[in-house]
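See the structures that follow.
In the two complexes that follow, subunit A is the common piece, with subunit B as its partner first and subunit C second.
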Partner chain A sequence: MISFKFSRARSIALKEIRHILRDPFTVALALGLPFILVIFFGYAIDFDMKDIRLTCVDFDQSRASRQLTEIFSESGYFKIGFPERPDLFLQELDQEKTAGVLIVKPDFGKTLSSPGQTAKVQLLLDGADNSKTSAILSYLPGIQRAAAARLTGLKRQEPVKLRTRFLFNPELNSRWFVVPGLATVLIGLISILLTALTVAREWENGSMELLLSTPVRPLEIIVGKILPYVALGLGGVLFVYLAARIGFRVPFHGSHALFIAACLMFIMAGLSQGLLISVVTRQQQLAMQLSMISGLLPSLLLSGFIFPIESMPVFFHYFTAILPPRWFMVIARGIFLKGAGIGELIGPLAALLVMDIVLMTAATKRFKKDLEP
Partner chain B sequence: MNRTLNAFIKKELAQTLRDPRMRVILFVLPMVQMTLFGFAISTEIKRLKLAVFHDPGDRAARQLTERFYSADWFLRVEPEGDDPLRLVRSGRADAALVIPAEGLTRSLARREATVQLILDASNATKARVAESYVSKILATARRGPEPPGPFQLDVRVLYNPTMESSVFLVPGVMSMILCLVTIILTSMSMSKEKERGTFEMIISAPLENWEILLGKTVPFVLIGMLDTVLILLAGTLLFDVPVRGELWKLLLAAFVFVVTTVTIGILISTISKNQQQSMLGSFLFVFPATLMSGIMFPVENMPKTIIVVAYLNPLKYFVTLLRNILLKGGDPWVLWSNIGVLLLMAVATTALSFRRFHQTLN
Partner chain C sequence: MSPAAVEVMELTVRFGDFTAVDRLSFAVERGEIFGFLGANGAGKTTAIRTLCGLLRPTHGSARVAGLGYEDGGRALKGRVGYMSQRFTLYDDLTVDENMSFAAGLRKLSPEVLARRTEELFEFIGLTAPRNTLVRHLAGGIKQELALAAAILHDPEILFLDEPTSGVSPVARIRFWKLIRNLTEKGKTVIVTTHYMDEAEQCGRIALMRSGRLIALDSPAELKERTFPEPLLELDAQGRDPDDFLNTLRRNPGVIDVQPYGSRHHVTVRSSSEEAVLSSVPAGMSLRRIPPSLEDVFLRLVEGKDR
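On to the complex of A and B.
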């Protein structure tokens, strides 16, 4: 006997709205926090390295060796320093004072000017920081070409020339892909927190028991609880959208209606997850631990925000499918940058819908079980 | 140590660990997460979907194409129709390489071959890496090894020569998990008592203020240290992360870090009136701190105006310590300077909590 009266759900929702309006905390969490954090990190995150510290141990002290260090620093990627004790250059790496050591041997200039010989310069890089070292490694071919041309005056012809065209983000502005990603992580996490804590609090202070003694059915409670937060979550999305468009000039090529629909599904997934957590734990401390564990690190590390899913082992291509942010990440980037339509995004949208239904049903079922003696 | 304090610490421990669900959250989930993230994440970008458009009769192009798919960098996508742009736009390929219509064999012979690469740059990092992979493979397009030019860079990567991702990620993920577990646990412990009214009872007990704060700190430091050992075991046994430094350095660094995060949690707890406020406080700390731990984006690149925030992040110092101890054996200067900064933070936050605590009581 499924009896769902919208009027009862509506009164729960009205009560919840009054509750939210009285509590500046929830409004600040939903509207202010994502906005501030998106602006801060949108501004802070920059993947283009500059001024990487590099130590040069120059045993040659010739014109050629000075030219070489100039080429490194003129590239803008590196800042060259000279150690006080050249014999202790390894210590510079051990003490995290530099990202690499460039060693120029005493006969560098001479070898360079004698024909038929190859003048080698050794570069030791710090493998303890992969991200920095891989960035350096990707800059080196360009440096090597520039140095070879300038030091020897010979231009080496590449066998095949490459002309690259970057679609959707021609200038490779990393903010364009960071900001929608960041918005996804934050909106997802805050949706979980919104319901996880508020409902767990009602269990703790006993008002949930009171609610359960009324003739309201579980589904009505769940719907009534979620609806006001959906509105609040959409308000948060609006702020983040404005920050992205006005603050960072991220283009928006897709349809706004589709974007709102997708946001709705994504927020619902987060809210239902939070609700499930709070129904299961009934305790704010546990609820908070579980929401942060299931919400924060997976959405930062496994959603494709920074680390692409395709680069993960095959198992994780399937495993990550249970994470709502993984799907919304594709949707947000697709709609913002590529102008993707419903045809391209049908898979991720369907996945979100399935998750909404599953999480909502699980929360309701669990709730029902609590009601029975 | 007096008996009341002793009993107080025991009570706190028992209260926290009583709930079996909490024990799972505190001790099992961190190991599970460490394992999951360690296996999943790789800093190397692999398996990009690439379609190569060329004339089927072009032998040089066919050979080149095979070279693209021989590494793990690219997955083969069959070129459909003759519109590479549409293929990339639709998302069926991340990249499309277009060989000139006259054929690579002929243009190579004329020494002026130009190929076009169309990339999906909606992920800018991925696009940049894809371009560097393609140019690397193209550089070897001419048969036979190149004779070395008059100038050559001889690059060697120290400490982690194969650039193993896990070696880089395990310290970062470890510090994230530790920070998350300890901060949330501590920040809510005191506000929970305030909400339930049991806080008054503690205050009326024959305990000095510092004893109450100590009694709230010690149990969580103990729990944090147990977590450290568990996560360290998972991190080093499952993944090939070397431990080159002495164990005491590792444990000392972890201990100081756990003390710092616990004191930050206590500070949040003394400031907030209820658990919701604690949650907001710990979220405001944990989210930026984990994002700026250095494994997601290079922290030194941050604009000068806000880089101060990065230097206030205890995770930054702990990640530096962990990497240095695990991979470089723990240089004394790095060890003591970073531990010094963490201790300074712990002392400053404790002083603040103490003042705040005093105010609340009066």
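On to the complex of A and C.
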């Protein structure tokens, strides 16, 4: 616009900052939410299994069987306990006091020392807890190898050996994976929800009309209302970044400039979406609900933050493609962990840019149409 | 420069099929207090919002301070002040913050803002500290502050949409004093109201019904024109007036009998006034009264619905 006056936008932004500072809800949301999310996803929810409880029923009571349980404990993944009454071990599994029961038969030690025979151990797992069981299963081959080597004293020959190395996140530390993704959830929520609320509030209490009775332009209103929330969004990103780097020692391999640019693009998409919601609803209550559904849920569930998109039904492969959080998730993780540059991220960046343009155009068009009679 | 502050020709505003304002024509002189009176939904607010540049006329034209809507109404908006009935000031901002926000929207310099707030706070007699949150102010003071914010940029024309709804009678009297002070300084004030005592204070009143202008004149002229015949008020003073009312209704010299609270207003032909006055039964009082604006309103606005 030709005669865009920054001073008017600045007045609106200043007023907005005062609203924010005087509203406990906004302050709590902007400051508290990043903190809670980081604590929640960084510490409380740990997708890595450590110290899984296993109950060992040792009918053998030999040196070999004791060695076997030690191998389990020393791996760090398992914590071995012994039942008070060995005949009631199934009860422990029923009552979820243990994740599995390891049964060592009375002849375990003997079979082991007789050549040509395979000593067998039975492991009963709680199939009701799918994720835990699959985690345990993934640890078992390693334990088996360690046990075979230590108990028989010789390395078995393996005709084909698959050696897997995990690049970018060698320890498969789930925090490395989760914490950068938090930036997505945070921006998704702050930018969409707060923008939707702030503009809807002006409509709801009739003050938008007062703004419009002055020579102020729609673009000045948009820029003024949005700027403080861009800052809040970036503040949230900075918090997540510091928490990731300092709190969780997540490496950052990529370019900071590219990361900030991508954040701004994603924030833009969120703000436009929030603006669109507020113009359509014009009510804070409704705007809040719509923002939650269209903002929080996709960034939490459909972005690949927790559930990999590859394992979703085919429909969602396409559906998530129109959601900004999915692309920003790829970008955030790529820059953090892989050090990806523009070359590698050109696809997601382009997708984000297209969505920015579409959402921005829709929001400002609708907004201007409503404002200019 | 156009001599009239506002000039409206055949102004029509439609929302879809609904005609909110229907072929309105009038002119408002500089320094005038011009009132819009009418029931809810009569089109008063739509008319005012159009004149402020918040809506565009569907047909017809309006010149406000000599300006039209050619540039999106921006020049016009710079010359007028507007106080809406729904929103006055931001509750969670202080007095000063509200003022500096209003100044920012109008691009007033800090010097002008300081000078004007000083002048206006004296004008409205503000005693509350300037760092008080607006939420803690009384309704009447809030209204006066909103007025100050609306005229911060010293507009020639001020539009007030039911400015005193929800404030105390004392505060209303104070507020109208401010409005008169403004017009004495040459400002033009256009106001909507549904309080009759407020309408009485307007220089001229535009009476609206279903988007149409049905009468436009000074309060005195409106009364004179609507009630050329004498208006009598019957006070039964606790007695049963029904027999007498029936006698009156049968009297060819009586034009109309209207209940008015616990009393009745009786319109008679001038030639029959004496006879009717002397026919009043003992213990009741019947006397000639000047018609009030409420009588005019009832006759013109509601009367046509019957």
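We take it that the second predicted complex is superposed on the first by the 246 of 373 C-alpha atoms of A that agree within 3 Å, B and C clash if a C-alpha of one lies under 4 Å from a C-alpha of the other, contacts with A are read in each partner's own complex, and residues count from 1 in each chain.
Everything below uses one rule, namely that a residue touches a chain if its C-beta (ideal position, glycine included) is under 8 Å from a C-beta of that chain, and two chains touch if they have at least 3 such contacts.
Just so you know, these numbers come straight off a predicted model, no measurement behind them.
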Touched partner set for A:Ser131, first subunit B, second subunit C, both or neither: first
Subunit A: partner with more touched residues, subunit B or subunit C: B
Subunit B versus subunit C as contact partner of A:Arg22, first or second or both or neither: second
Shared contact residues on subunit A - subunit B and subunit C: 205
Residues of subunit A defined as touching subunit B within the complex: 25-26, 28-29, 33, 37, 40-41, 43-50, 91, 93-96, 112, 115, 117-135, 137-138, 140-141, 143-144, 147-148, 151-152, 154, 156-170, 172-174, 176-177, 189, 193, 197, 201, 204-205, 281, 283-286, 288-290, 292-293, 296-297, 300-302, 305-308, 310-313, 315-316, 319-320, 333-334, 337-338, 340, 344
In the complex, subunit B residues that touch subunit A: 19, 21-22, 25-26, 29, 33, 36-37, 39-49, 75, 85, 88-91, 104, 108, 111-129, 131-132, 134-136, 138-139, 141-142, 148-161, 163, 165, 167-169, 173, 176-177, 180-181, 184-185, 188-189, 192, 195, 275-277, 279-280, 282-284, 286-288, 290-292, 294-298, 301-303, 306, 309, 320, 323-324, 327-329, 331, 333-334
Contacting residues of subunit A [partner subunit C, same complex]: 5, 7-8, 10-12, 14-15, 18-19, 22-23, 205-207, 209-216, 372-373
List of subunit C residues in touch with subunit A within their complex: 49, 52-56, 72, 74-75, 77-78, 80, 82, 84, 86-87, 90, 92-93, 97, 100-107
